[in-house]
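Below, each structure is written out as structure tokens.
Below, chain A partners chain B and then partners chain C, in two separate complexes.
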Partner chain A sequence: MVDFGFGLVPSSRINLDLFDKGKYEELAALEPDVRICMACGSCTAVCTAGKFEPTSLREAIEDIKNARADKALQMLEPCQLCGKCSMVCPRGINTRHLILSINKIYSEK
Partner chain B sequence: MTPLSYLLAAQAEVPEVIDRIPSGFSYFVIPFTVGVAFMFCWLGVGLIRLLADIPKEDRIKFGKSLFIPKVALKNIKELFCDCLFHVKIWQRKPLLGYMHSAIAFGWFMIIILGHIEVALFVPARLNVTRGGLFYPIFYRYFVWMNPGHTTLRGSFFFFLMDFFLLYILSGIALAIFKRFRSIVLGMRHTTKPSFADRVALYSLWMIFPLRLLAESFTADLSGGSFLTIPVNQFWHFLFGDKLWFMPCWWAYSICLGLFFAAMPFSRYMHILTEVLWILLRNAGVKPNHPRKGVAEAEIYACSSCGLCLDACPMNVQKKNLKYSSVYFIRFLRRHNEKKINAIADKCLMCDKCHALCPVGVDAPALRRAQRATVNNTMPYNYAYLDASGSVQPSEPGRVHSRFAAAENGLSPESAPADSTQPCHANPGVLYFAGCMTHLTPRIIKSVEKVFKAAGVEYAFADREGGICCGRPLMLAGRTDAAAKVIEANKQMIEASGCKTLVLSCPICYKIFKEEYHLEGINVVHYTQFINELIAAGRLDVKKTDEKIVYHDPCELGRGCGVYLEPRAALSQVGTLVKASKEYDESICCGGSLGSLTLDTHDRAKISQASLQALLSGNPETIVTACPLCLKTFSEAVSRGENLEQHVKVKDFAEAICP
Partner chain C sequence: MKNNILIIGGGPAGLEASAQLQRMGYNVILIERSPKLGGHLAKWDRLFPDRVPADEVLRSLLDATEGVKCFTDTDIRAINRLDKSYNVRLTNGITVLSDAVLVASGFDLFNAVRKEEYGYGIYNQVMTNADLEAYFRTGEDRRIENPRKVGFVHCVGSRDEKAGCRSCSKVCCATAVKQAIEMKQAFPEAEVFCFYMDLRLFGRHYEDLYLEAQKEYGVRFIRGRVAEVSENFDGTLLVKAEDTVASKPLKVTLDLLVLMAGMRPSASGKALGELLGMNVEDDGYFAVRSGIAAGQRSQQPGIFLAGAATGPKTLPETLADARAAAMEVDRYLTEVFPDARNYKQLVKERW
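== the complex of A and B ==
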């Protein structure tokens, strides 16, 4: 079964009070494409790393918007930057640069 | 021609040349001497620092290489061809080549001849303590020709000096012209000079006209030839006996001094650094940092000639000119970290600027090193790759298909179509499709069709999808992460026991060839493999009159030097037509994974430019041998912007076995 990145997670509580607007704007300045993701999940469907470990750019973007940047980073750790996601993204998002940028912005403590 | 015996006999009793000024000094030499001394000190310190930055093994390797006859010969050849004659520029833009070689070779000859003259006529002055630093440069000022005693040997030198001066002046005239009308010399874009560049540039323009003035004013004292004598007579005609030679010598010396003082901070630094870069390059030492050590020699060897501006596919849009290699290198020199990163991330890594650079500056490799300084430390978690040793799927239902081939050994997937055809000619063929090919399954279909038709027994390494080859990580500067992926793939391939590895993606091909070091396994791109099948008569192809244009994918052509095999095979199935830019000048399709920040809009512009070049010969079909190009061109053609004719886009294997 291919994991499309949809599905129920054990706890779906979202605490938007924790959302770091400043960092999100920093990310959007570095890679504006983050704003245009429509959460279709195409990227996750083709993901090379996703065959082995749960890896999903869609989920990572959602996690960031839901103030769970730690989960987003974890979600992208297995990524091999292969670029398949950028080839299928219907919004033409520069996914590889987005992944690198998320790492850059959110892994700074 | 002057007979040699006559030359020798000319050693007359009466001195031909008289050291006119006993002290061998005049105040006007000061600007030049200061400038040149400053330059030498600066360079000396720089050289020591540079060598200190190179790892010890590389330093030893470099030192040894200078004494290996083969390398030494190559060094000498390249020093002459590249530094003095600028052969590579000649080959592309003859007029530009003439300009560069006129200035470089002409100046070199004037300096050499000046020293020879001093050595022949006033040898004592070569001594540094007696003016050796400036005397040969201002020789004509310091000497007086003994009238009536000028020998043929002397005249011969006068002639040569005037000849080379004229030669340089013609080059300078072209250079001045080029500043204002670059297109005449075949360049659409030229570089914007920096401040130090301007100082050096304008003084360079002035140096030789001033030299002509200065020498012509003294020509009746110290001799001259076809250029300086007539000019001297003209001055006499204009000014009578009041000749302005002191101001001219002063101006000449000041310009020289300014030029040498500005040199270390300007593009003209390349004149000297190129020598070091050629020696380092031929010694085989590679830069391991974008700016230090070998890279420093490399970036200072760039002459800012600007040939990479026209080469770069990003420059179909003027706004992208600032991302060209020449500016990347300029900002590396200036340590402008922010701009360096922005430029490093933008590039498509198509390698065209490297292929066309007359100095051989590998800017894409420097960009990769620069990206590594930022991206290499990013966290990654490839624990799932380590599980590969045990070849155990991590959970049921998730197929680790990349190990399928290794697990089963080489189980042939297709029996030979024709059993009379023996297939031991290709024992143990393993086909690795790669991520990108899996997104364009038409390629896989055609490749399998070809294999079947030719009766090739093969195993499919990643039928259900495998892992990435590591090249995209490498291009993003994540070298350590790439090494992990490479290791995992390598284990899989070695375990399969294959003898030949066939790849349909040039991106994979490049890294498999360069970084995998697969002992005893022949790594080939499918264009090469299929071409061999055709040549060996194992694959029957039908010649049609379809007009085909072949697109050289960056990683395959410039990246791996595969240009001829695909063309040889395609010419068996159709008529090849030319593209306006092909082989190492081919334009990136715009889909390259190399660029990290180029957006879809900019990429589409590049695709269009690339398509236009391909369509110049009115082909019916564009054939490419890369899944990324295939997808990019297919989309660009279906968008149909600015396309008059309708073309099909096909993959190489599709074209061979329709």
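== the complex of A and C ==
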């Protein structure tokens, strides 16, 4: 191929038409609490892993809902399952359990 | 002596104040410019936060007004301030001598056609909150036929300087969340999205409604104002916003878009205000005499205000305001009126 000196970058726009409803419902059946996150960011603020590597449960939940489960898994990879986030979540989400379920459902190809 | 009191506007505020003043022994005359009593309440199906039928609430308001003289299809033609009362000529030819006047002229729904970028009146699949209430009441609307993806747009005509309204309409976040739930109840397979800038769910039980919408109905809340809507060849809508939580532009194809048109000052209230010489504030709603302490007195002696005429209010707030206005009217009439000789002095001291 001819090198024009630039490449094409995939669009970073969120396209909700690509959202996989079936898979999300699978997750929600296992982990209904994924629905009630209100994106407050408390989990991300206290995250122990987040001090060293980008880690954010808030963002991971967003990513899943925005049809970017691949990014969600990346966001949760550094997680140590320390459980600090579950202590601060105002909705009382069992965050560690949720993180494990996200990995379980979305790692399956 | 039974004083005459004229109440202008037969919505929830006017009805509730009529019932209260009637019970206190006053002679109440209620006028409503449209053919029907009930104001906006008569257009709603079920009410937030508990989703009680609007008709039930309206019926109990109407039942309590027994004995009140009601004129529908009636507006004010002219009004003169006499020494101690108002001489009011109605459009039905009747003249009323009234010792106090209560203005309960309510609000108008924002005309969503003016937000052209949302395509109301241009694209087939765009409707308003009021249209959706009408659908829930009648089960009929050509736009609704088993929708699979539905969006709700918050703050339409509110919090929008370009639409001429800086303020928040207060009722539309709760209405959007309520209607999103009702949509999921009607069409369980549908995906429902709410596009908001802030969720203003301030009232008692409102937050419960929000949690219910997320938890039981899986409504997706996206923080970002819908910026642009266009129509696809097949009649579906392409909606663009920024997901400001994710800091990314977002697009989604929907087959129904519901606009949360906000509350604006009533146009017929404005005309009435001009007849009565009443001031409005920058936001277009009537000014009350002195902020917090005298919330239901206008700047004109003997003229009182209640309900959405002084700014967006929920129904419970409207009713509480109407009861407070009734108390204020009663205080005014009993303090000032019996002593006709000192009337002017007393008004000066007490208003």
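Following the convention adopted for this analysis, the second predicted complex is superposed on the first by the 97 of 109 C-alpha atoms of A that agree within 3 Å, B and C clash if a C-alpha of one lies under 4 Å from a C-alpha of the other, contacts with A are read in each partner's own complex, and residues count from 1 in each chain.
Here is the rule we use: a contact is a pair of C-beta atoms (placed from the backbone, for glycine too) under 8 Å apart; a residue touches a chain by one contact, two chains touch by 3 or more.
Computed from a predicted model, the values in this text were never measured in an experiment.
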Original post:
Sharing chain A, do chain B and chain C clash or fit in the superposition?
Top reply: fit
Original post:
Now for A:Glu59: first (chain B), second (chain C), both, or neither, which partner does it touch?
Top reply: second
Original post:
Which of the two partners, first being chain B and second being chain C, lies in contact with A:Leu100: first, second, both, or neither?
Top reply: first
**OP:** Considering only the touch criterion stated at the top, classify A:Asn15 as touching first (chain B), second (chain C), both, or neither.
**Re:** second
Original post:
Does the superposition put A:Cys79 against chain B (first), chain C (second), both, or neither?
Top reply: first
Original post:
Does chain A have more residues touched by chain B or by chain C?
Top reply: B
Subject >> After fitting on chain A: smallest Cα gap, chain B-chain C, Å >> reply: 14
Original post:
So which positions on chain A get touched by both chain B and chain C?
Top reply: none
Original post:
Touching chain C in the complex: which residues of chain A?
Top reply: 12-17, 19, 21, 28, 32, 35-36, 38-39, 59, 62-63, 65-66
**OP:** Going by the contact rule at the top, pick out the chain A residues touching chain B in the complex.
**Re:** 1, 31, 33, 46, 48-49, 51-53, 73-74, 77-84, 87-88, 92, 94, 96-97, 100, 103-104, 107
Original post:
Tell me, which parts of chain B touch chain A in their complex?
Top reply: 345, 374-375, 378-385, 394, 397-401, 435-436, 438-439, 465-468, 470, 472-473, 476, 478, 481, 485, 593, 596-600, 628, 631
Original post:
Quick one: in the complex, what on chain C touches chain A?
Top reply: 191, 193, 211, 214-215, 218, 220-221, 223, 243, 245-246, 248-253
